[in-house]
Amino acid sequence: MKIHEYQAKELFKAAGIPVPREQVASSPREAVAVAEELGLPVVVKAQVLVGGRGKAGGVKKVDRLEDVESVAGRILGMSIKGLPVGHVLVSECADIEKEFYLGIIVDRANRCPVLMASAAGGVEIEQVARETPEKILKVAIDPGSGLLSFQARNAGMALLDDAGQARAFAAIAHKLYRVFVERDCSLIEINPLVRLGNGTLLALDAKVNFDDNCAFRHPGNEEMRDMSSEEPKEVEAKKAGLSYIKLEGSVGCVVNGAGLAMATMDLIKRYGGEPANFLDVGGSSSPEKMKTAMRIILSDPNVKVVLVNIFGGITRCDDIANGLLQAKKEADITVPIVARLTGTNADKARALLENSEVTPAATMAEAVKKAVELAGGVK
Amino acid sequence: MKIHEYQAKELFKAAGIPVPREQVASSPREAVAVAEELGLPVVVKAQVLVGGRGKAGGVKKVDRLEDVESVAGRILGMSIKGLPVGHVLVSECADIEKEFYLGIIVDRANRCPVLMASAAGGVEIEQVARETPEKILKVAIDPGSGLLSFQARNAGMALLDDAGQARAFAAIAHKLYRVFVERDCSLIEINPLVRLGNGTLLALDAKVNFDDNCAFRHPGNEEMRDMSSEEPKEVEAKKAGLSYIKLEGSVGCVVNGAGLAMATMDLIKRYGGEPANFLDVGGSSSPEKMKTAMRIILSDPNVKVVLVNIFGGITRCDDIANGLLQAKKEADITVPIVARLTGTNADKARALLENSEVTPAATMAEAVKKAVELAGGVK
Amino acid sequence: MSILIDGQTKLIVQGITGRDGGFHARAMREYGTQVVGGVTPGKGGADADGIPVFDSVEEAVRETGADASIVFVPARFATDAMFEAVAAGLRLVVCVAEGVPTLDMVKVLDYAKGRNTRILGPNCPGLISPGKAKVGIMPGASFKQGCVGVVSRSGTLTYEIASHTAEFGQSTVVGIGGDPVIGTDFIDCLRMFNDDPETRAIVMVGEIGGTDEERAAEFVKASVKKPVFGFVAGQTAPPGKRMGHAGAIISGGSGTAEEKIKALEAAGIGVVYEPQEIADKLKAKL
Amino acid sequence: MSILIDGQTKLIVQGITGRDGGFHARAMREYGTQVVGGVTPGKGGADADGIPVFDSVEEAVRETGADASIVFVPARFATDAMFEAVAAGLRLVVCVAEGVPTLDMVKVLDYAKGRNTRILGPNCPGLISPGKAKVGIMPGASFKQGCVGVVSRSGTLTYEIASHTAEFGQSTVVGIGGDPVIGTDFIDCLRMFNDDPETRAIVMVGEIGGTDEERAAEFVKASVKKPVFGFVAGQTAPPGKRMGHAGAIISGGSGTAEEKIKALEAAGIGVVYEPQEIADKLKAKL
């Protein structure tokens, strides 16, 4: 789960990490009030849960108070990569001398948190990692002992010549790690961490992702969720225990298991079609879940065919078939359905669907081929 | 460093460990006021930093309000194993059904904290450990992961049949461990942890020792220090960087190094004398330290001779000799002094002491023999 | 032979009195697994369909001589169950639960490192050595004893792919799980399959996210002497979106199926683009 | 031979720019130890009497090939210095500081367990292999190269006792330290002395507190083939009082010298009641 920069900065502030003087605003008027308080010039930054806001024109420096309202208004009216901008952060202009990167992620390969620091701040760290990996200092953190003093100190000394600045850097690293652990983050990032002309370090931007598996012990994390940035159908699916992601194609699909769902999408593409979605109905699927899945998929006008691909294990094929039939009965489904049901209770499912309009398929490959044809054939 | 039961209970209360309704009093009048508030009967318990207060008459149950003043007065006037009773704890009488033991120490052999629990509560755990070790459940705690849920749960289930009580026990264990770690304890103990008639668990007594090495990071621990229970001379010695413990014999000794100091005491005893003290002057000993050491030792009227046993390493023998001479000059020292100085700068030291009244000795054995003789010979 | 489990494996089921635990305990026993006990704190002494229930793993191990466990407790309690299983000295602990906090998993694996326990999962279907034992939730009927070792980050996709290896059957099929931090990875399984005389070919089923497949490919190139085939799901997955599995996400442009396939090919692994192709590929090599 | 250190040992001094660190760095170098570098964060690039100073242990190791370190920083910073030395992969880390928090020591030792570092101390005088190298603060002149291995919880008492072994000299003298939780104990040293061909007899110097001597006695009985002699200080120590060393305390009636002497005797260890007696005892056996 992602949170906005201004929310991340609140966590930073509470942890004692230095941030610029700034305040969030949800209307041009509020933005003006903040700018008046801070003094000009200010930077107005779109608060949006997607990267690339700068290139999209979502970050603007404003020198004159009379321009704040219009700039903030323009940004608040924007939609960046499909996401509406609901808030802007109005910040004092920092006298930046140098930009650093400081972040913590969980290193999957080493199964521990890793602190990453770099003098190449301000650009995407993944880009630095690809192009000049030697510019990133990586520090593996032992989960039992946490970030150790010498680790933070050595990272600080590696990046900063001044002893005081190195200490300040180390202190920020310790605080960042504390937030990372206390909030169960999957990623926490200061990019850039800037050094001002007077030598002070400041977290100019902030990125915090929470581990979705920890909502149960962090109600405070969940409160920061911005529902407006989430696809309503994905939220609806999640509530029903389904995992759904909308795509741009015409072949809707209902699959049990995330891996099989991805493989089904890939095969659709391979056979010349385009998947309309990712949908994993999960394990023990009730007919009810199946109905919801169908409703969500069919609410997408692009969908020209629905492909059901089930390898029954815990999932019982007859549950799926029943769900399909109920969905068909309750709604006026006009798009064709292709179903491949194998594994647990596949026989019963086949019997149930025998006299329906559902097109049966024996294998995954056959099912995908038929679905692509029904969607309009190979492009 | 030990703290009083009432102080330990304050830590417990703050951590959410259930304790009886009770309050500390430093005068009989205060004790009466507490008893009035609690209702009778009450138990009046001497607060003293030494075991065995019960046997010494320092714990009394009082049934009638009119007796509280006299009982509290008697206990507050007591001195238990040499320590004056400055406070009493006045507690409600608990309806005890069963007594348990729950404690955490650092296991030296396994180099980790260990939780100990037993259904044989109320008696000294060391006694249980010696006589019926199988009655103690020991749980090694991994320092990285801390006390784990299953460990506390299994300990609770091992001691209590009732699931709710086992859960309560586990919760207390977790809180106890938190105090242990947060306060840098060397020992934390609830003995007895009692089950009341209604099934509730209550920490009836409490013992907490802090790690002396951690005063620098726990000012709060130091604030609980009861100076009245410490030997003033030991405190004075500690301030001067010396380690001194008063004993009952007549041979005072000044030694560098704790092991050598103990070995010197042992040899005094072996040769028929009795050591008057343990004293380690520590490493780099200045003449100033030596003077303080002599002053402290000679303030004990039992001392009939002072034995100086130095194996110079970092300690320079000439520093010791100079200190001795200065001490003799500044105070009118009438007791004989035997000095054995070997190692770093021993020659210089010998030269310094040549014309003094200090009796030289070449070896530790010789020095001890001479000192014992001077103290009045072999008993 | 086979890897990790066989007919000698003595299994306990943690959370046996729960719905899933009970159901799968029976299913595994029916398959032939020696399910020697179950654990549910506070329900010690009970009997779950003939399987004795204990209060603690320690007790269960002491009483039954179990050497493996499968954890069927909800995600938020799964960490503690794994800690308990590791502390009790089990050789293998399989965690099925989806939704275990990542940092908890980091701690459990660190705890297990110095001890002698292998953790499989979390968020995995478990494993099966067809004809011998099943410690997991997969449908036994979808597998057949044989010589192909299968290791996969997925559940049902594994069943799909394994079904196309039926001609040769499987030595062991291992689902390593779809979370970012897991106890047993491709390399661990590849090493074991390489050393297992019964296994003649290996199929690895990867997906987007992380670099597990890339590292596995390097390992195959350096150390695996048997034919290895690979499939990677998620070529059409959009970046930045978590595709069901917590670990299946392309972030910052890395962890794509394209990169992984390239790495597999560079390591000489026979890449399969459609599940059913595996049948012919195997035939050509065995 | 000798144990733990010899002429090949390459030592760095953590806290070399401090008063004690500088003094002992010189003293060790004069004794013949290869002191290849020092570490003081923020003073990298400096020169301490001809010894190069580095900002971090990692850097010092990279530049000098050091395999051991001695920590001369104050107690409250010693834990971090040890963590750093362990992380840098040093084989041996000696901590002289007195006053290291016990729970910190527990953490450092846990951290070192999975890595390949032996920690000696804290609160110890270090160790010396006479004629070869000294990594500690003991006066070199009090020791002589030879065949007696000495292991002790004490400092000056060790010098005293070692002085009575001068006829045979010492292979290595190890001060394991007077704290309750230490990195290297009697058993570790006994094992190494037993395996060291140069060592012909072993002297262990114990004191009140804990059960280290008792466990060592059991180990001697079971595994040590060479003559072992023992001395235990503190027969006259009162219970409940910490005798200088944090670990030297009789608590709850356990950890007495009497118990320890009994255990040593039961294991066939030649107990010495006065330091000078060791000379004759050794003569009788060697």
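Every chain is named by a letter (A, B, C and D) in the order it is written, and numbering of its residues begins at 1.
In the analysis below, a contact is a pair of C-beta atoms (placed from the backbone, for glycine too) under 8 Å apart; a residue touches a chain by one contact, two chains touch by 3 or more.
Not measured: the values here are computed from a predicted model.
Between subunit A and subunit D, which partner chains are common?
Of all the chains present, those in contact with both subunit A and subunit D are B, C.
Comparing B-C against A-C, which pair counts more contacting C-beta pairs?
The greater number of contacts lies at A-C.
Centre to centre, using CA atoms, which chain is the farthest one from subunit D?
It is A.
Compute the distance, rounded to whole Å, between the mean C-alpha positions of subunit A and subunit C.
Each chain reduced to its C-alpha mean, subunit A and subunit C end up 27 Å apart.
Distance from the CA centroid of subunit A to that of subunit B, rounded to the nearest Å?
Distance between chain centres: 57 Å.
As a quick test, compute the distance in whole Å between the mean CA positions of subunit C and subunit D.
Using C-alpha averages as centres, the distance is 47 Å.
Provide the list of subunit C residues touching at least two other chains, using ranges where the numbers run on.
Residues 107, 110 of subunit C touch two or more partner chains.
Can you pull out the residues of subunit B that are in contact with at least two other chains?
Touching at least two other chains: 142-145.
So what shape is it, when you link every pair of chains that touch: line, ring, star, complete or other?
complete
Subunit B touches which residues of subunit A in the complex?
It is residues 142-145 of subunit A that touch subunit B.
Which of the residues in subunit C end up touching subunit D in this complex?
Those residues of subunit C that touch subunit D are 113-114.
What residues of subunit D sit close enough to touch subunit B in their complex?
Residues 75-76, 99-103, 105-107, 109-110, 125, 137-139, 141-142, 152-160, 163, 178, 180-181, 205, 207-208, 210-212, 215, 231, 233-238, 240-248, 251-254, 257, 273-276.
What does subunit B use to touch subunit D in their complex?
Touch list, subunit B to subunit D: 50, 106, 108-109, 111-113, 124-127, 129-130, 142-144, 181, 184, 186, 211-214, 216-217, 243, 245, 247, 255-263, 265-270, 275, 278, 280, 311-315, 342-344, 363-365.
So in the complex, which bits of subunit B are touching subunit C?
142, 144-145, 148-151, 153-154, 157, 163, 166
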